[in-house]
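You will see chain A twice below: alongside chain B first, and alongside chain C after that.
Moving on, here comes the complex of A and B:
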């Protein structure tokens, strides 16, 4: 297995840093999957995560100037590894001014992702800062655990309101309750609701717009339904806040799909990065 | 406007309706008296008084006059209820704690009477939040029986200078001793902490001293832990009046200017520390 890649554009570097920062805020450890075309940051829905799962996909061509990969075999030209995103995030902190960034898979005392950052310096010789991030290579027999989640058969699909507003409200609600009900309808309306012995709070968002999914099975079944009917999911507030507060990338639109009483699915699309996040309903 | 259409049906039922274009004109002043979980609200045609008490020795009152509100209507002589202040503040600041220039949260506060929750309608940028906060049986608030005729000593200071003095107070001292006198040291704050005693004096003709009316030398001690919360009101205020009466009871009155330049008052009453408090005649 071999992997080496190089990034020299400062804009790409900063964008990549923002994506990694977002990932590190969503989860402590995740799986990094490398293919010849794409990088994936994956969190699969184990009980340990509270059932939350994440799938983030980047086209390597939009970030890297050089990208060479030799996977586990010619047939399966991919590498899967466990990684603490925070370590990568910390390494990238030194790169905000960098001339170039090189990433490669190495074997120091254990498998590592080595990040070498070339920094500008006054002398003719550049300064290089190197970070060795320990990773756990995942054997092929376990790759099935990290399959791309399919878009669920949702009952409602709606665009989220501005994330900042939503985050402010959810942050306050977190002081008042552990759980929140997120509900939305086909009329572009979304409500966030909490209810405890002490207080009930409902925030109403309107005119959000519902994305059209074209010729999709889920959409057909919703045609007969009254657009005013709300579909809802009750979630752990901290998980929702983690998703909202972590966003460093300013997405153009965030889509929210709700499977009534089961799961909420968020999709962020920003230029060349797509991030999906699933929060299951609280039992 | 979304808020008024929501209320059309039930408006007759409310015994109290109070509206503000800027909810911060209420939340800021309430934050300054938030040292306990619960507060008692008393509304009359004059406005709203919010009271918070501690261990029967300290009482803080915030007064928001009816004129501060854009709409204020009350159907009874007086309306009183008790709420969880922390919950109320989280609701009033539901759209975020920090002030964004040019953006305000509009508030409509409604109360149906005994047994009903306090309902808040908040709106910012077209987004509406409705909060229903459960109210409790109002408890009798203390009457410190502090009247101006019994006031022995009074000073009015500009808050700036007192803020500095308070920020430098030795917090290891269990008490804050206040000496007020027509003679030197005029107005003195003293502490007795781990490092020793410290005194901060204000001469009667200092620039900061707006009013100096001391008739008798008085030295009183107050528990530091009781007075500490008053620093929030101090930081919000532009002027503070400090008065002691013939029993050594302390009244601190803070003049606060809100976002729109309107004046509100916060008042703290404190009993002298029983163990040591002796007046020097």
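Moving on, here comes the complex of A and C:
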């Protein structure tokens, strides 16, 4: 198994850093899947995460100038590994003015992702910083745990309001309650509600717009429904806040799919990066 | 004793205090004829910092010494660091509001008075209590060092920023034309969990790069950061003096009005060798552009993994030959507890009254060397004070010696000579 990649463009580097920072804010450890075309940061929905799961996909061609991968075998030309995103984030942190960045899979005292950053220096020889991030290579027989989640059979699909606004609202609500009800309808309306013994607070958003999904099953069933009907899901407020607060990539649009009382699914699309985040309803 | 500090220098004084606060909890204050010395040492005596402000720094300087300039006043004291920090609380406002700072001994002789004369007629007076103390002064010779590097503090600050703020110890290795900074792993830490960072700088980046001995030292980064922040704001070039591991490293700043010295203990040879052996598979990376892609062969590792039930990396066991780890003493500064590992081969002796301890220190050193020769002996976790040559051993050395020299007082009663012979024949 071999992996070697190189990044030269500062813009790509900064963008990549922002993506990794976002991932590191969402989860401590995640699975990195490398294929010849794409990189994936995956968090599968284990109980330990509170049922939250994440799937982030990047096209390597949009970031790296060189990318060489030899996976586990020729039919399965991929590599899966466990990685502490925070380490990668920290390694990239000081690379904002780097001349080049290389990432390699190495086997020093244990399997590592080695990030080698070439920095400008006062002399003709560049400064070199290397970070060895220990990783756990995941054997092929466990790869099934990390399948791409399918878009759920949602009841409502709506665009979120500006994330910053939503984050501010949810942050204030966090002080009052542990759980928040997120509800939306096909008329572009969304409400964020919390309720305690003493107080209930609702924030209303209008004219958000609903994405059209073309012809799939969900669309048919929702056409029969009254667009005013609210579908809701009750989630752990901290998980929602973690998602909202961690965003460093400014996405063009964020889609929110709700399966009534079951799960909420967020999809962020920004240029060449897509991030999906699932929060299950609180039991 | 009376000193007056004018406007912009008040901030420098404040910064010096904050810088020393990273080392320890007590500030040693000593007005000398050569200037005012502010010093600090950490609880395990493995880090020392000193700011010497010459009379030129002050608008008015009277050390209280008798006229003639030959003797010192003999007044020296120590104060709680927090109290002094409070005087120079918000550095940014010091610049803007303070016109003058006066430091006096009050008439009663029991309080050190810091008086800040600020704008708009405001005067802030701090009466700090102090304790008379011995002079805190390690003996070190900057000239005696084999390696001297000098650079703009910006260079070191840029290097240190790549290491996590929580990093305790850093290893600096110098060879020929390059110097490498690496984070040092304690024996207890699992190498397969820690992110290892390494940065190398070329000699050209330094104002002066004098290396007579290719060597590597390990010291605590935390205390150095305090000096770096001061150095950066001063813009003065920072000099680093070091040679063998075990010998303290000295960082210095020089200016006509101010002399700064930070002396940090380094890990001695034995501990660094163990670490080096463990990391033999990690060749130092001087130039990554010539990487051989083919050398990154994971296949053998993968095969081993498929056959094992566990799906995940298994760290190679790091054998250090000893599982004995002494308990951490309940010291607030994590670094100073860890520095209890350190031993000084050549103790930096202090010019002070506890001279008798030096004798004991030397004796223990020879004993220590004898013990090391015994194979399989776990490394003694003792530290030697940077200054006093005294040895404080967490394991009472006496107990260990007793075990080894113990005579068997009573043999097992059921063994008889014949059986013993058979047993030895079997072996």
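To be clear about the criterion, the second predicted complex is superposed on the first by the 283 of 283 C-alpha atoms of A that agree within 3 Å, B and C clash if a C-alpha of one lies under 4 Å from a C-alpha of the other, contacts with A are read in each partner's own complex, and residues count from 1 in each chain.
Following the convention adopted for this analysis, a contact is a pair of C-beta atoms (placed from the backbone, for glycine too) under 8 Å apart; a residue touches a chain by one contact, two chains touch by 3 or more.
No experiment lies behind these values; they were computed from the predicted model shown.
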**Message:** Clash or fit: chain B against chain C, after overlaying the two structures on chain A?
**Reply:** fit
**Message:** If we overlay the two complexes on their shared chain A, which of chain B and chain C does A:205 touch? Say first, second, both or neither.
**Reply:** first
**Asked** Is chain A touched at more residues by chain B or by chain C?
**Response** C
**Request:** State whether A:2 touches chain B only (first), chain C only (second), both chains, or neither.
**Result:** second
**Asked** Where does A:82 make contact in the superposed view: on chain B (first), on chain C (second), on both, or on neither?
**Response** second
**Prompt:** Of the two partner chains, chain B (first) and chain C (second), which one does A:283 touch, if any: first, second, both, or neither?
**Reply:** neither
**Vertex chain A, arms to chain B and chain C (CA centres, degrees, nearest 10)** = 70
**Asked** By how many Å are the closest C-alpha atoms of chain B and chain C apart after the superposition?
**Response** 7
**Item:** List of chain A residues in touch with chain C within their complex
**Value:** 1-4, 68, 72, 82, 84, 87, 90-91, 94, 102, 104-112, 116, 118, 121-125, 127-142
**Item:** In the complex, chain B residues that touch chain A
**Value:** 84, 86-87, 90-91, 93-96, 125-134
**Asked** Okay, in this complex, where on chain A does chain B touch?
**Response** 161, 165, 168-169, 171-173, 175-176, 197-206
**Asked** Hey, which residues of chain C end up touching chain A in the complex?
**Response** 155, 161-162, 164, 191-205, 278-279, 281-282, 285-288, 291, 293, 296-299, 301-302, 305-306, 311-316, 318
